[in-house]
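Read through the structures below before going on.
Here come two complexes built around chain A, the first alongside chain B, the second alongside chain C.
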Partner chain A sequence: MPIRFEKVEHLYSDGSPVSFQALKGIDLDIEDGSMTAIIGHTGSGKSTLIQHINALLLPSSGKVTVQDYVISPTERPAKLKPLRQIAGLVFQFPEYQLFEETIEKDIIFGPMNFGVPEEKAKAAAKEALKAVGLDESYLERSPFDLSGGQKRRVAIAGILVMQPEILVLDEPTAGLDPQGATEMMELFQSLNRQGITVLVVTHDMNQVLHYCDHAVVMSEGKIVKKGTVAEIFAEPAYLNELSIQLPTMTQFIYELNQKGFQIDMSINQLDDLIAAIEAQMTSR
Partner chain B sequence: MKNITLGKYLPYDSIVHRMDPRAKIMVLLIVLISIFFDAGFIGYALIGAFCLLVLLFSKIQFSYVLKSLKPMLFMMVFLLVINVLVMRTGEVWITIGSFPIYQSAVFQTLYIVIRLLLIVSLTTALTATTKPLDLTLGIEHLLSPFKRFGFPAHEVAMMISIALRFIPTLLEETERIMKAQASRGVDFKEGTLKEKISAIISLIVPLFISAFSRAEELANAMEARCYNPEAPRTRYKQLKWAQRDTLAIVTSLVLAVGILGLSLIGVA
Partner chain C sequence: MENMIEVRHLCFEYEENQPIIQDVSFTIQKGQFVAILGHNGSGKSTIAKLLIGLLEKKSGEIIVAGTPLTQETFYDIRHDIGIVFQNPDNQFIGATVRDDIAFGLENKCVPPEEMDAIIDSFSKRVGMYDFLDHEPSKLSGGQKQRVAIAGILAMAPKILILDEATSMLDPRGKKEINELVKKLRQESDMTVISITHDIDEALQSDQVILLNQGKVEKMGPSDEILRDKETLLRLGLNVPFAYMVSERLKKDGYLDQIEIRQERLVDQLCQFVSKK
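After this line comes the complex of A and B, so read on.
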């Protein structure tokens, strides 16, 4: 179990009149090598939850275990610094964190902070840039000359270059065009297949269906549902209560089934769906 | 970052919260001026009592004010050291080793510390009890008589309210960027000087970029809505002057006159 939350609570501005409890008794296990979606409305505690994974936030009570590191309310943050390299966290709109003169310098900023020698970091930067779909010619360019989508790729490369074993992404495709979003998600999926544990906060249920294997549903600081993606989408009525929409494909299958079809709700590939419909049509 | 208490509005319900912002600003001005009359420790004791009364009425804990003073602690210690080293006249207070510390140096520092404490607690009382928008509305009203002499009262008020409006946004942004860079291994608390400088640069550059782009977006949005600072406008929020406002001003005037009297006697 690389990530385990045990009775984690988090209180913002404790003891002041604007104090706010963002997490209430979170128990959660994230399996090694899984790709987990975190779903929930704005303010449901998703961002707070993921910031515990690399100890940017410490729990107010309870504990988080990430591999060999224990994140508890009393832990000294300095001791947890190596964790930041193991668990790479990509914030929402990461393009705003770029600051160096050249893309290469910006990408190697992370590894250099963790004491990786410059030459090694530069070699890794080339790899990371390639992974996000930009070629070497970008290395010497200024990150501020790029388009929004390209900037985001560079920022994500700045995390990937640290070769994290866990990758946490907060709405990585927000504001991207559909094709950019698809490419981005495919990148994360391929990283996941190379053995990286991926957690992704998203509002796009289609992405959850197509790319993730597990999902966690949050509401008002609590986890209200967790399981495989198929399990989560198997209860449309419950999701509706939380005003979470079904993915287009699942919705389509659901409506077909209401009209008398009997198609497996967990299908997530178009080809499989066509085949299933075909089979039912011919059997009539 | 969220621990910064200076200038934050506290949503309590108190008599000071309900006061007219114009009255609060004027009281603040009057008392601020009287702080700078030299009436010795008795004068400061009087103003201190007034401050405590204001804090009491506005339901702000004293510890909250002290918290906002924390960042100034370093400056005060620095000041004390400079004063002790530079001021070499008057009576010797104590001698450490062979180094004499003069009374005037300690007293001078103490005066400044007390003044700062008073100023901070009063301004905190103002900003903690007045919503930023009300505050600028009050400033605009108070400045409007100067319009006759070509003073851009509305523009100044607008600038202040925009600046105030963006303080929390920029703080949030700062926190976000700090976290993002911390995720890339930056340590903002520890490290060598070189590491610290690099950490600060990694924060400042993105912060400036986002502040500039926000400013540009805001300017565009205002222009798209045909904002014209000279156009006459009505207000949804009307300020109401109540008896308590007059009372507050009279009280602070009495205090100021008293302090002035004390300082004049002291001089004579």
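After this line comes the complex of A and C, so read on.
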């Protein structure tokens, strides 16, 4: 079990008048090699949760275990530095974090900080750039001359170059157009298939349905539901209570079923959906 | 019908001979809800910046409520136009949410005694009333967008431009903001321009302007434009889900026509469900 949360609580600005409890009693196991969606409203604690995975935040109480590392309230963050290599965290709008003159320099910044020799870091940068779908010709270009989607790929390459075993993404497709978003999700899916454990915070339930295998639902700092994606979307009434929308396809099936159809709610492919609808229609 | 915005042969470039906007013309009528749809880099946001005079056009004409936009008029015209950008971090001024909403009102010379009521009302309408004394920078992305939207709506603009303004909101938040905008349109006849690549958001508009590489690819009623599958896909956009389903069902002989709106498709199909 690479990631385990046990009774984790997190308080922001503890002891001040604006103190805010963002996480309450979190117990969670993330399986090795899974692709897990973290869903929930704005302010439900999703971003706070994932920042514990590489010890950017320490719990106020409880503990988080990531492989052999234990993240507890009293841990000295310096001791957890190797964790930053194991678990790569990609923030919202990572392209704002690009800063170097060339893409190569930007990508090798991380490994050089970890003491990787320059030549080795450069070789790794080429690989990382390839993994995000950009060729070597980009190495010498300025990251600031790229389009939004390309910049984001470069920022992600800067994480992949560290060869993380866990990749944590906070709304990685926000602001991308549909084509860019699809390409990005396909990239994460292929990394996941190569063995990387992926956690993705997203509001897009269609992405959860089409790319993820597990999902965790958060509300007001607590985990209110966890399970396989099919299990999560099998209870529309409950999700509705939480004001979480169903994926477009699941919602469509739900509406059809309300009006007389009997279609399996866990369908996630258009072909299967069409076959199921046609099987239940009277020939005209 | 009164023309609220007229754009004629608009051109813009950052560097010489690298046109970003090429000969764009369109007219938006008062009270209309228009979606400007296009992929990243198609020039959508540039048009918004040109409309509010944040960028200076190379050539062409922009006429807002009958007044041509020029160096002399753009301060006046800006009073009529509110714009909410995609990233609200670029838009915050105040140390607290309250100050931030007040900033726009101060600039509009709203009397201080009226200000509190306006701030309370709009912060409630976007669901941020409990956060009035918080620091904007410490809010989540979606909460920041709500504050930015409240700040603009409080100024009661005649024209509201939303530049991917709800991209960081969860679906419920998006729905709430869309409903608030809809309500304000009914109350005030506000003209709304929504810059988006979200096909579901475009489905709510009256008119769609489809932009590609700085040119208008197509424009017209949303019901017409959003069923042009070939063009939408070519521009890297999505096709409405109902279209994809009904297209297949039509091909297989189960439907007579293609629907782009999901409610209508559900109603259609339910007439033919076999009652076993």
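What we mean here is this: the second predicted complex is superposed on the first by the 277 of 284 C-alpha atoms of A that agree within 3 Å, B and C clash if a C-alpha of one lies under 4 Å from a C-alpha of the other, contacts with A are read in each partner's own complex, and residues count from 1 in each chain.
Going forward, a contact is a pair of C-beta atoms (placed from the backbone, for glycine too) under 8 Å apart; a residue touches a chain by one contact, two chains touch by 3 or more.
The shown structure was predicted, so the numbers you read here are calculated from the model rather than taken from an experiment.
Asker: Decide which partner touches more residues of chain A, taking chain B and chain C as the two options.
Answerer: Counting contacted residues of chain A, the larger count belongs to C.
Asker: On the A-aligned overlay, A:237 touches which partner chain: chain B = first, chain C = second, or both, or neither?
Answerer: A:237 contacts neither chain B nor chain C.
Asker: Just checking: does A:248 make contact with chain B only, chain C only, both, or neither of them? Give me first, second, both or neither.
Answerer: Second partner only, chain C.
Asker: Check the residue A:180 against both partner chains and state whether it touches chain B (first), chain C (second), both, or neither.
Answerer: second
Asker: Which partner does A:260 contact after superposing on A: first (chain B), second (chain C), both, neither?
Answerer: Only chain C is touched by A:260; chain B is not.
Asker: May I ask you to decide whether A:273 touches chain B, chain C, both, or neither, giving the answer as first, second, both or neither?
Answerer: Only chain C; A:273 stays clear of chain B.
Asker: Identify the partner contact of A:56: answer first if only chain B is touched, second if only chain C is, both if each is, neither if none is.
Answerer: Touch status of A:56: first partner only.
Asker: Both chain B and chain C touch chain A; at which residues?
Answerer: The answer is residues 18 of chain A.
Asker: Where on chain C is chain A touching in the complex?
Answerer: Spelled out, the residues of chain C in touch with chain A are 39-41, 86-87, 134, 140-143, 164, 167-173, 197, 199, 236-238, 241-242, 244-245, 248-249, 252-254, 262, 265-266, 269-270, 272-275.
Asker: Could you list, by residue number, the parts of chain A that touch chain C in their complex?
Answerer: 18, 40-43, 47, 92-93, 147-149, 171, 174-180, 203, 205, 243-245, 248-249, 251-252, 255-256, 259-261, 270, 273-274, 277-278, 280-282, 284
Asker: For chain B, which residues are in contact with chain A within the complex?
Answerer: 2, 10-12, 173, 176-177, 179-187, 189-190, 201-202, 205-206, 209-210
Asker: Flag every residue of chain A that touches chain B in the complex, lowest number first.
Answerer: Against chain B, chain A makes touches at 12-13, 17-18, 51, 54, 56, 77-78, 81, 84-85, 88-91, 94, 96-99, 109-111, 113-114, 144, 158-159, 162.
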